[in-house]
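Have a look at these structures, which come just after this line.
What follows is a pair of complexes built around chain A, which joins chain B in one and chain C in the other.
The block that comes next holds the complex of A and B.
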């Protein structure tokens, strides 16, 4: 018996398949989000990796912004609960999760038992989300991975004072026009996003172990910058992009057993 | 037989509101004086002098709910009013200029009657109207209660303003103020307030016979008819209906639709998205049982006691400090057996939003109930995302379920 969790975000789709003993058989991500054929593609790839067929999946849970559009799911659960579930499974003792996705940022507080105790999300605005970094990468003419590398080479911090993604874009363009190094601008972008999300985290209260999940957690410079802002060490969840999908798969197993 | 002929409270409310607006339009037509007032102003003085009064906030809410707000917002922003200004004010400035609405027309005012107990934006909003329209302005300046209770000096200050307002009204109307009639109006206002409160309190029953989004509708009645017998009769009928439902064990919705969780709504409704905000809760079995509204229009004092009346107007939730607000909501959570609170972070309402995060934190700590906060606006349709709302509400539901499970396990 196999269980599938799918996390359909605004800019990517992620799938995890597990068996009844919670062994992970497949873990796949694609940078195509809701409204594309990304979800179908990534399911096919995950099934292939697991070496199983679709009819062997006995229960599917969908999460993420596109969860309601995935008609094949037996159940939909929010990304808040799924990230909580996934992190609690991977890192027992985790109490705070910082998850930065494509169009939202959230901070989740877990109980000692690993249940969601509370959460906060960003306001109706792209400040402090992955989209902000995507825009910065575009202006600096680099990929998201290169953005992290650039930032690590920064020698002088520049401040990007606008948290608004649109205003920050013009601010960065004028910085570059004045001759500011790309590396320093990249670092400034990290600081802008992490100071914003650290504010959210403080609102809910931070306690260790602090874990980062979501695609942005793969960006090492953002993680370092976040540590500086919140004053705690951060453990990056293994395969951070697929933590929500893993949580969904774990919920699929639980829901099936409850049936 | 008699039972069958009785109008439902909903029908009575519709009639009450239709009459409220029509009689004001007729009065204007007949050359009588019309006032524009803020929603929790001492209407007793106007009612005593038989002055027709309409409430721009109430009209703005109706315009918002009927999805007509953008037109008026565009007009006022086009004339230089900032997008950061309260959207009720922007709708009202737009209406004062365009003077025509598909949703609900109101007559233009002959004077302004504004009370700052609900917020401080109204001071300048209404002063601005008076200046633009070149009409008299009566303002009640009620200082914010930075201390827990209304201080005596604040009540005395307000009392003096009431006395001054009476003189101004005599001058505007060229009529003498009838103090005996004033007492009769006060008596009716107290009775109507109390009946409003009593009706809304029936929601304490489990399941609640009241779907709190109905509360938003009946609120139009208490805003506009707090001083009238007709208002009293609507709330009396409403209370009877709710009590009948409660006695029969009926919940807020159709039979079979179970009230799984009971929550409170903090802040003004998100009028342009009533359907989305309502369904997001109802489809998950979450009933909004009450809000801070019932108490806001429960203006109680001893008949004839002007200083007591001043205190009652000053003591409302919006004009009270953080600790007072936290205690009030904590009491509501306990008295209404709530499972959670939905906080509307309303872009328009600086006064309520300013303390909302801290209030949310303290209430969670004191009561242990789950809370959720979403971004929106009372009338500006551009400041709300349905998808974000639904995700937050669903995550809130998942927390409510965990807490329920934990309680069940002890």
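The block that comes next holds the complex of A and C.
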């Protein structure tokens, strides 16, 4: 018996397939989110990696922004609960999760038992989310990976005072026009996003172990900047982009067993 | 015995389209209509003058004209009211009463006179120090000033007997509303978040006497019906109001029942029972004096959190959902204080900053669903 968790985000789709002993058979991600054929593609890839067929999946849980549109799911659960579940499974003892996705940022507080105790989300704008970094990468004419490398080479911090992504874009363009180094601008972008999310985290309180999940956790410079802002070491969840999908797969197993 | 679902549908019909309902009200009764801005206004005087008060609680309108007077940091409710005044939506009204409860309301009394022509605007002021002895005679005087202006619109004098009769209508209305909110928990499925909202909202657009009779029929039907089994979460909502309806639907979709409210649009307006002694104006003034835990009225002892904790216990709620109207200063000042108190009491709190017009409620749906998952 196999269980599938799918996390359909605003900019990517992620799938994890597990067996009844919680062994991970496949873990796949595609940078195509809700409203695209990304979910179907990533499911097909994950099934191929697991070496199984769709009819061998006995229970599916969908999560993420596009969870309600995935009609093949037996159940849909929010990404907040799924990230909590996934992190608690991967890193026992984790108490705070910082999850920065493509379109939103969440801070989740876990109980000692690994259940979601409380959470906060960013408001509806793109400030403090992966979208902000995407915009910055475009202005700096680099990929998201290169943006992290650039930031690590910064020698002088530049403040990006506008938290609004649209205003920050204009601000960064004028910084570049004044001759500010790209590396320093990249570092400024990290600080802008992490200071905002750190503020969110302080609203519910931060306790160690602090874990980062979500796609932005793959950006090392953002993680280091976040540590500076919250004053705690951060453990990056293994394969951070697929933590929500893993949580969904674990919920699928639990829900099947409860049937 | 009246059918519960039929009665709810009748309330929904009134509440879902206020413009249509208010037009019908004017046509059917032939009475003049006086718009009541939020919050705590002397509706009894309007009723005593033979006119009907109707609620002005904004709507999901695109702000185009009101930006001329109100900055982007003004709350969306008052902005929507202003927009609807300027675009002619409220032209059916024969007058408007507003009081300066917050910084935005303070500013717009004069703006309204300039921007919205062809309708008398009656501004009144409540005392900040509402608990001191001078507050009651001061409020009586304010009521008299409003009465004089209303008499001109009505074309008739208001007698003490008129006021007594109106006071009785309103006390009966408030008592029936209090009864209804306590009954919701008995039928969490039928009286779900959206149905509960429609039932209470309809009261703002009906003759209070007619509304009270209908609500009494609904209450009697609920009392006679068996209690519904419910496995979902029960919450108290806090804030100015909870709209758009899509937001309320998210509660329903996730099996979250609003068993009690601490909203200006609902319970804060009727939860205080009037005193039995004194003139009508004294009793009206004492309703302001006796009001509690209301962010719009100075509360030097900061009892908002205590009241919410009491409500959670009284209604058997699992948590509190704060629907903070964006840029509502009075609400925002209270929140950090009661949040700490609720957390210390071990009560889960979901905070959502809302606006009247929200093009997408998807993120709010996620929050409500996640909160429900946490409570489960």
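Brief remarks follow.
What we mean here is this: the second predicted complex is superposed on the first by the 259 of 259 C-alpha atoms of A that agree within 3 Å, B and C clash if a C-alpha of one lies under 4 Å from a C-alpha of the other, contacts with A are read in each partner's own complex, and residues count from 1 in each chain.
The rule we apply is simple: a residue touches a chain if its C-beta (ideal position, glycine included) is under 8 Å from a C-beta of that chain, and two chains touch if they have at least 3 such contacts.
Given the structure is predicted, the values throughout are model-derived calculations rather than measurements.
When both complexes are superposed on chain A, chain B and chain C clash. In the superposition on chain A, contact is made by A:65 with both chain B and chain C. In the superposed model, A:116 lies in contact with both chain B and chain C. In the superposed model, A:129 makes contact with neither chain B nor chain C. Within the superposed three-chain model, A:77 lies in touch with chain B and with chain C [touch as defined at top]. In the superposition on chain A, A:12 makes contact with neither chain B nor chain C. After overlaying the two complexes on the shared chain, residue contacts for A:221 are found with neither chain B nor chain C. Touched by chain B in one complex and by chain C in the other are residues 65, 77-81, 104, 115-121, 123-124 of chain A. Chain C makes touch with chain A in their complex at residues 348-349, 351, 353, 360, 362-363, 366-367, 369-370, 373-374. Every residue of chain B that touches chain A in the complex is listed here, in rising order: 345, 357, 361, 364, 370, 373, 375, 383-385, 387-388, 391-392, 394-395, 398-399, 402.
Those residues of chain A whose C-beta lies close enough to touch chain C in the complex are 65, 77-81, 104, 115-121, 123-124. Residue ranges on chain A touching chain B, taken from their complex, read 65, 76-81, 104, 115-121, 123-124, 203.
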